[in-house]
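Naming follows writing order (A, B, C and D), and every chain is counted from residue 1.
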Amino acid sequence: MKETVIKELKKVELNHPILIEGLPGLGLVGKIAIRHLTRQLKAEKFAYIYSPHFPYFVLVSKKGNVRLLRGTFSFWKDKNGKNDFIFFTGDSQAQTIEGQYEISDFILKFAVKLDVKMIVTIGGYRMEAKDKPKVIAAATSKDSLNMALQAGAEVSPTGSPIVGTAGLILGLSHFKKIDALCLLGETRGYLPDPKSARSVLEVLQSMFGFDANLAALDEEISKAEKMVTRLQTIEEKRALEAEETRKEEEKKVTYIS
Amino acid sequence: MKETVIKELKKVELNHPILIEGLPGLGLVGKIAIRHLTRQLKAEKFAYIYSPHFPYFVLVSKKGNVRLLRGTFSFWKDKNGKNDFIFFTGDSQAQTIEGQYEISDFILKFAVKLDVKMIVTIGGYRMEAKDKPKVIAAATSKDSLNMALQAGAEVSPTGSPIVGTAGLILGLSHFKKIDALCLLGETRGYLPDPKSARSVLEVLQSMFGFDANLAALDEEISKAEKMVTRLQTIEEKRALEAEETRKEEEKKVTYIS
Amino acid sequence: MKETVIKELKKVELNHPILIEGLPGLGLVGKIAIRHLTRQLKAEKFAYIYSPHFPYFVLVSKKGNVRLLRGTFSFWKDKNGKNDFIFFTGDSQAQTIEGQYEISDFILKFAVKLDVKMIVTIGGYRMEAKDKPKVIAAATSKDSLNMALQAGAEVSPTGSPIVGTAGLILGLSHFKKIDALCLLGETRGYLPDPKSARSVLEVLQSMFGFDANLAALDEEISKAEKMVTRLQTIEEKRALEAEETRKEEEKKVTYIS
Amino acid sequence: MKETVIKELKKVELNHPILIEGLPGLGLVGKIAIRHLTRQLKAEKFAYIYSPHFPYFVLVSKKGNVRLLRGTFSFWKDKNGKNDFIFFTGDSQAQTIEGQYEISDFILKFAVKLDVKMIVTIGGYRMEAKDKPKVIAAATSKDSLNMALQAGAEVSPTGSPIVGTAGLILGLSHFKKIDALCLLGETRGYLPDPKSARSVLEVLQSMFGFDANLAALDEEISKAEKMVTRLQTIEEKRALEAEETRKEEEKKVTYIS
């Protein structure tokens, strides 16, 4: 495999589809959100993207089977709405600069082929959330941005960078004449953050009217918060001990000189 | 986007144009100088360069809009002179060796297409300036070099390297039969240095006779100098404290042994 | 050489061949296993793979001769069995992500050309082995996996990554409709580990019924174990000395403060 | 410039030419040797090689002129011998793995075009020389190797790597059916080593019978040796001081505990 490829598992006919993307990144916000949506809505896998710009290992899946790292497209037909949905997530971001541009470009070209009307990308925004993580929005058109703001998102500060596929898809969508919106959930970023993903999902739910059953995320959120508390306790203890050691050292210096 | 591309916003007819380039680099000298020129002369944007060799993030611009990193070409028609001008600056240098050569090559090919007569590249030269930063010049022809020397620049020391796009454009312009000149303002390099940019702009103004309204840079220069002073004070204090600590440690050793 | 190439030394006609691959990696398990097989079975070299993704040096071989880094294909005709065998090993893994995918792809394309029926890749699995290193298996089909399990291998834990060519060949073999199996010998990984290679060879021997004369590895295993013991002694001594120093330091602190 | 290119300054007709290559590397042995030969024999430049795999800066040459990094081919017609000579050196090795293979390949393709009969590459071999640096040889044919051995070189140890262009040219020359020899001068490697270059030049002189006026290198050798002595003195003084400090520290520990 010298080139990135998209392998379609089946041909699908979709009604004015909207593509929602979330690859692993800060706090895994995008990946957690898409995984939740595909499970709750029982979206069906219909295409994979493979690339020599993904890391050079494979994963052992269930029962000793093996698979390449990949991105996965699933679709969900919304019987009550005027749009069907495509969800995209994957194992990894591309590992090189050129690969990042290439993967984003492939996703966009595939979106054009599927006649996608709008793309929403999801990621994390490094910020200690007060209580409930906010959702920060940026978009290629005023209409898309307003949809997000009305659904509870806040407009991104000017000059803020959006790193990786979530950002490049917006930058490149301009050339494909597809409207694109980016939703970033506030997150510390260094641990999986389902609470931040929940905030993003609330905005999506409000924008598109589907039922994402957000309560199903609560157990995961509770586990993640316990992990954070445990790590903070360890860190505080370590800081305390370091402080003790420093004081002992200071005494030593004082007594001698 | 697998390849670097230039997107033209409009077709322009220019009179013996001179291209002046300044990307971010040491002291941001080139970028500050070009930004100043485009603003003061009210130059008009007419083309962008996009590349998978730029960093893989996008920037949120005003009102939550988003754009790819890019380089920007603007033009200014000089009603009083015999040359029109093209200004080029951007968000970033290319991030790989091959990308550096490619971006420089694209700029040159575009210059050929626009029938550019001369290229001036701007950058920083790492040197603690005594009072007023000097401007160091190198060129692909004696005529261009002499123009710069007569305008107050000094000839570059032999063997000195010119890193990045400002240098490669000169090296590659030879193959395109375009005359090219590089002007480097002395700068410490680690902070934006509008004073160094001012020195370069003085040389350009003297060479090409346009009015760049350099006084408009003075406030920026004053702010930058305050920042340097503040950082120096912090650094001196830190050095003093380190010295104190060292002396205490020495006493300790002396008393004990 | 801008591209990876396979140079065939001679055309071979093979009977339902099985390809067994082992490049340098953790504990050199794959390389040691293939080197042993080719020697014991007197396999004959018939093709080399060269690539600009291998490291940029050459090796001086016997009598001052020189050769590029390469991978080597050998074949062995099994008169008693229903399959002939191809063995592949080499000097190095590819040095870049894209190179890793490319080399694996070239091996697979060559396998298709040679009408290979099954591929087995060999590598190391980072795990302190209790006594006898276990062999961990993953495969692209149940049949292949079961063959390995019946021969004494254990199924790989889910989610475990297989890094490098041994993994990517499995991932990519899917596109070529070739069945592939990966056998990983447990190894500490930082030193050549012929004992781990022996475990893998036992599984292969049991699967394919050839006589790999494993006793011939015993001397190498004994040497490697002495090396490990020597390094452990050095390390223990170093740790003891560090502990002594720490205690002295602690005494000092206690007496003073 | 997206691709490596060779620019010919003039067409030359050469008589059974021998190409001698020496790029910067360990102790700059190859570069010093080629620079000396081209100067002493008044060889004439006839082609440059440019590449996006060279570092991304340009050099200011005399009088403020500028040039890309490049490799330079010069030729010398030997009126008394049966072979003319091509000398190749440059500013830098290629900066990427793929670039290393590409540059070596370009040199070889150009050699084929010029009907080169033999290639000699020069480099350094990291080894503290006793008195006079030895010259280590490896070759693609017995005849070439024997020529070098008869001229005073010693055969390279088996398994020794030859890094960079000097090595890859030998590895790749096999595919072009050109005989190639590598001569490596023993050198500490971290400083320019004209003495090592002199040893290599003696072997070349003896092999090919040209007069390289080696005495002209003596002044450079003497300067380089003074530099080494000065650095050793500084290093010894530093080591002595470190030892003193260590002893003081030890006393301290002893007195206290």
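Basically, a contact is a pair of C-beta atoms (placed from the backbone, for glycine too) under 8 Å apart; a residue touches a chain by one contact, two chains touch by 3 or more.
Everything quoted here is computed from the prediction, not taken from an experiment.
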>> What's the minimum number of touch steps needed to get from chain A to chain C?
In response: 1
>> With touch defined as above, tell me whether chain C and chain D contact each other through largely the same residue numbers, more than half shared, or through different ones.
In response: different
>> Between 0 and 180 degrees and rounded to the nearest 5, what angle rotates chain A's CA atoms onto those of chain B?
In response: 90
> What is the distance in Å between the mean C-alpha positions of chain B and chain D?
Replying inline: 36
>> I'd like the Å distance between the centres of chain B and chain C, where a centre is the mean of that chain's Cα atoms.
In response: 51
> Out of chain C, which residues touch more than one other chain, so two or more?
Replying inline: 256
> Which two-chain combinations touch?
Replying inline: A-B, A-C, B-D, C-D
>> Taking the touch rule as given, give the residues of chain A at its contact with chain C in the complex, in rising order.
In response: 1-2, 52-69, 95-96, 99, 248, 251-252, 255-256
> Taking the complex as given, what residues does chain D use to touch chain C?
Replying inline: 97-98, 100-102, 104-105, 137-140, 142, 145, 155-164, 167-168, 170-172, 174-175, 180, 182, 253, 256-257
